[in-house]
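Below you'll find the structures, each written out as structure tokens.
Paired with subunit B in one complex and with subunit C in the other, subunit A is shared by the two complexes that follow.
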Partner chain A sequence: MKFLAEDKLQSLLKELANAAQVVIPARAEDAEGMVSFRAWEPGVEPELDVLLTRQSAKEFIFKQCEEYLTYHYTMEGETGVPEEEEEGSPGEDEDGLEEIAHETLRVEARVEAPPQVLFGLRPCDASGLVQIDNVFSGYGGFYFDPMYNARREATTILAVACAEPRSTCFCTSLGGSPSGTEGVDALFTPVEGGFTVEALTDKGEELVKSSAFVDAEGSQEEAAAKVKEEIEGKVDEAFGLEGVRENLQANFEDTEGWDELASRCISCGTCTYVCPNCYCFNITDHKVETSGERVRTWDNCFNPSYTLETSGHNPRASKRNRFRNRFSHKFWYYPEKYDSLLCSGCGRCITHCPVRIDLREVVREMGSPRVAASGEEA
Partner chain B sequence: MAEAQKSRLTFAHVEEGATTARAGKNAGNPYLPEVATVKEIVQETPNIKSLRVTFDDAEVMENFSFAPGQVGQLGVFGVGESTFAINSSPYDKDYLQFSVMKAGEVTTALHDLTVGDKVGVRAPMGCSFPVEEWKGKKILYIMGGIGAAALRATISYTLAHRDDYQDITIIYGARTPQDLTYMYDIEDWEAREDVNALITVDQEAPEWDGRVGFVPAVLEEEAPSPKDTIAITCGPPIMIKFVLQSLEKLQFADEQIYTTLEKRMKCGIGICGRCNLGPKYVCVDGPVFTMADLRELPDEL
Partner chain C sequence: MSERQAEIRELAKAALSEGRVDYFIGWGTGYDNSQIVPVFVRDAGEVDELVWNPLAQHNLSVYLKRKMPESPDAKIGVCVKGCDSRTLVSLLQEELVDPEQIYVVGVPCDGVINRRAVEKEFSGEVVDILFDGGRVTATSRDGESKEFSREDLLFDHCRSCRYPNPLYQDDSAGDPVPEPEGEAGPIWESLEEFEALSTDQKSARLEEVFSTCIRCFACIHVCPVCYCWDQCVCRSRKPELVSQKVEAKENLMFQMIHMFHVAGRCPSCGACDRACPVEIPLYLLHRKMNQELHDMLGFEAGVDVEAKPALQTFDVEDPFGEH
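Moving on to the complex of A and B:
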């Protein structure tokens, strides 16, 4: 185990920034003072006293908006249709339409993956990325996403263990931990005067070669173990996982139950954007004259147009069905496909929901056996 | 260290022989369409056109193959892509055919294309009908309107291997005679001794001396025996609903009934999330499902 003195943090970040973009949680200098991940610049202090950034760091790997294809049309003969030709001239077809010159087309894929170091993620955020990895890396024999994986490979994740959980934290209910190491290259644990540092992967081993680190003393290792142990017990036990998947399946048709939980949802999708595990996306084309891009952007399964078909038919036309889909996806559909859960218990969806919908309550209600007759509960 | 890396997967597990089209790390960029050129356009009905396209890269064209029932993403750069069945015969090496009903932005852009224009194609995708498994059985196609597009390649395949199957019946209906697609196929089916083709329109129409009646009614009238029979249906949701009721009346088991589904799709490769039916994605786990499969899944059709 290594030790990084508090006053060595800036020099470490500076050293890392020589070879990669370094991203840290930082406080905005405006009145609101929002804490979010952004590129480190000399002198910017990582804000580690605030437990969670507004959004997770997923946008640095699964970009919020990404141009992944470019295309360019060139008209044959460069100038295309002669402009001088008049109406009814041989340059037009019998409908009087302009004869279209056939184009040549160049299409190029774009994969951008500059090396980057993400410092200051909490273990729940790192674990969220592992869950997204399953989807984008072809788990189960499906397709491999080159854009996502290139960035994933080029990224080193330095997580910082949590010191004090929020009332909305529930990672331990999902098998996680405030000092969890899933998806983490090196784990920093705050102790007196700095951090103990554990390298967990080859990338982590590479990192701790820096002269900023010294070997941790026995007392520091003990202090780190104590920090981890103490916080572990402070995290809310939100629900038991046993039977959740089966019960969600059994309660799928309990429209009254779902309606009751979904009634105040305003379909804003905030929960999906702040979630470190949500990964749905949309694809759109943008073309100006002869060139354009194909772009993918984060989507939101609460948006009715997410599943709206051209015919007007919508398989999830009601808010209840969209609401049910999100929770079923996290605790039933995804687990069935990827042998894992699509939630790491950060609680951002709870803190940021404008109408106070609480995922824990939804799982407790719909992930448990329901009273069969609706009248009995009232 | 091993513990932390346990659930991290950095490459795709490509399953040999899987019926679903799968692509691993080395299979190239699944989002990058192959550029193709429109070679021929067939106006099938007033609002349906078939586009016959060939890949610009001769090697890609040469090596392209698909199984009946598989689909592709066909798109216009600058507008977008949509999912369509590849409805040319799997043995046709000259072109890929897609039939497009003009309905939204992408289909309108596809309708605006002229011969020589460029399109993007990502194909094949999704799973196919298990035509090998069906060998030795009677095949009953029940389709309506544009639904014929989704079954055309499968019909071609079973006709190309005619001796491997027992009776082949095709029940095909459309609202009006003008809405029947693939008139060139219909002529062929009707001329053949070894195909029982029942072509119907919803209402009497001038210059139509063929059958009149809804597809489910024709099905019940024909009353095929479920013994050793596979029923494959595709068409508008309302038709499918009544066809399923009729098949049930005729005592077809759920395992004998196949259909192919549509959903709004974007990526087409099981990632973007929207085309799920419970834990299954129509784009990669489908589009072909049996009624028995569908009964196991949440009803979000």
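Moving on to the complex of A and C:
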């Protein structure tokens, strides 16, 4: 185990920035003072007192909007007749029809993956990326996305264990931990005077070779162990996981129950965009004349066109069904396919929801047998 | 305040037990005592869930723009503050809400407070907010308490509020609060800073602000007078008037469309602003539009049920040519 003194943090970030883009949680300078991930510049202090940034760091690996190919059409077999002449002699239109131009399409893939270091993620954010990896990295023989994986490969993740969990944190209910190591290359644990640092992967081992680190003393290792134990105990138990998947399935058609939970939902997409796990996306072409680009953007299950079919039919036409999908995806469909949960318990969806829809309440209600509730209604 | 809360509960209880409404929408406590959320009460026995305090920021008329899917003919009880009543008036002007289907409880309001501003005074999480007259005491999860003056925490639009008493209601929860004195005229001072910029500076400022938009569409979904829902032109892919690309210019384009579409119907209630997860000051856009409508046409949105929204009528006397 290594130790990084607090006053060595800036020099470490500077050293890392020589070879990669370094991203840290920082407070905006404007009046709003929002804390979000952004590129480090000399002098910018990471904001680690605030537990969670507004959005997770997924944006730096799974971009909200990225151009992933460009295309260009060229015409062959041109007549060589200038357009003005053609226009000037409309009677000769038929001549033009004999010449059928062949179109050639040139497509260029874009893979941009400069090296980057993400510092200051919480373990829940890092764990979220592992769930997104499943989707894009060929899990079980499914799709392998070159663009995503190139960026993932070029990224080093330095997580900082949580100091003071929020009441909306529930990682421990999902098998996670405020000092969890899933998806983390090196874990920093705040102790007196700095951080103890554990290298967990080859990338992590590479990092701790820096002269900014020294070997941790026995007392510092003990202090770190104590910090971890203490914070773990501070995270509230939100719900038990047993039977949640089965009960969600059993309660799928409990429209009354879903309506009741969804009644105050305004059906926006905030919860999905602040979520470190949500990965749904949309693809659009933007063509101007003969050239264009294909763009991948985040999408969300509350978007009316999310499941809209070309026939005009939308299997999730109502708010209730869109709402139901978000929770069922996280605790039923995704676990069925990837054998893990699509939620790491950061609680951002709860704290940033304009009407404070509480995921914990939804899972407690719809992840349990509903016999009592329907008896009450009757 | 507690008197108004008791009134709300009484009125809701009567309406539910007499069968005048199928459900009643008010404010209630969220996952902790520092959070107020919209609540839907379906049973007269549950009216104690209803709460009134200066955290009751949500404009509940948003739930009238489209009915609950399971009960399109339901009769709905709803609480409105002064500003909320103006968006309700806008909906009534366009006959988008049937007055026979709603029961409106007006709540006289002394202004609601900005919870985010409270949270920013702490490094930890605020879990409790208590009110005592003009004083606000907030407590964080690690036990730190701070005291504020309610006046200091009010939203900007509450400070310049001209309609603290609802303009449309069936019953009132408590006695009206004193109307602001002096010349009735909207107060636009929060726009002055922006107005003073050059055109280039304005563009740069708008681009900077809208580069942070994440297109979650919370602003339009929470807007009571933005009712196109699934048919919103900003989300249409065919034709694609706003690109799916998430970038400052496209984000601004989307907001401009929203601003123009709700012009004459939006009273700057601030719901969009409060819902924005990245804190874009959206209400300034709508205030600007309202200022223009006021200065050009002497029009104010949502004050008279019989009036027509400004951009839906034409009068040869309209002074467009002079401005």
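Quick note on the criterion: the second predicted complex is superposed on the first by the 351 of 378 C-alpha atoms of A that agree within 3 Å, B and C clash if a C-alpha of one lies under 4 Å from a C-alpha of the other, contacts with A are read in each partner's own complex, and residues count from 1 in each chain.
Assume a residue touches a chain if its C-beta (ideal position, glycine included) is under 8 Å from a C-beta of that chain, and two chains touch if they have at least 3 such contacts.
What you are looking at is a predicted structure, and each value in this text was computed from that prediction instead of being measured.
J.: Quick one: classify A:200 as touching subunit B (first), subunit C (second), both or neither.
T.: Once the two structures are laid over each other on A, A:200 reaches subunit B alone.
J.: Touch check for A:284: first (subunit B), second (subunit C), both, or neither?
T.: Touch partners of A:284: subunit B and subunit C.
J.: With both complexes superposed on chain A, which partner does A:304 reach: first (subunit B), second (subunit C), both or neither?
T.: Second partner only.
J.: Is A:340 contacted by the first partner subunit B, the second partner subunit C, both or neither?
T.: First partner only, subunit B.
J.: See if subunit A has more residues touched by subunit B or by subunit C, and give me that chain.
T.: Of subunit B and subunit C, more residues of subunit A lie in contact with B.
J.: Look at A:142 in the shared chain and tell me whether it touches subunit B only, subunit C only, both, or neither; answer first, second, both or neither.
T.: Only subunit B is touched by A:142; subunit C is not.
J.: Identify the overlap between the subunit B-contacting and the subunit C-contacting residues of subunit A.
T.: Residues common to the subunit A contacts of subunit C and of subunit B are 282, 284, 286, listed in rising order.
J.: In their shared complex, at which residues does subunit C touch subunit A?
T.: 30-32, 35, 37-40, 42, 58, 62-63, 68-70, 120, 123-125, 127, 141-142, 214-218, 220-222, 229-230, 232, 235, 237, 240, 243-247, 274-275, 277-279
J.: With touch defined as at the start, can you tell me which subunit A residues reach subunit B in the complex?
T.: 68-69, 71, 73, 100, 102-105, 107, 109, 111, 130, 133-147, 149, 152-153, 181-184, 200-201, 252, 279-287, 292, 294, 296, 299, 301, 306-311, 313, 315-316, 321, 325, 328-329, 332-334, 336-337, 340
J.: Mind listing the subunit B positions that touch subunit A in their complex?
T.: The touching residues are 1, 3-15, 18, 20, 22-25, 27, 29-33, 35, 75, 77-81, 103-104, 107, 114, 116-118, 120, 237, 262-264, 266-267, 269-279, 284, 298, 300-301.
J.: What part of subunit A is in contact with subunit C in the complex they form?
T.: Residues 32-34, 49-51, 54-55, 64-65, 164, 166-168, 255-256, 259-260, 263-264, 266-270, 272-274, 282, 284, 286, 295, 297-298, 300, 303-305, 314, 317-320, 350, 352, 354-356, 358, 360-361.
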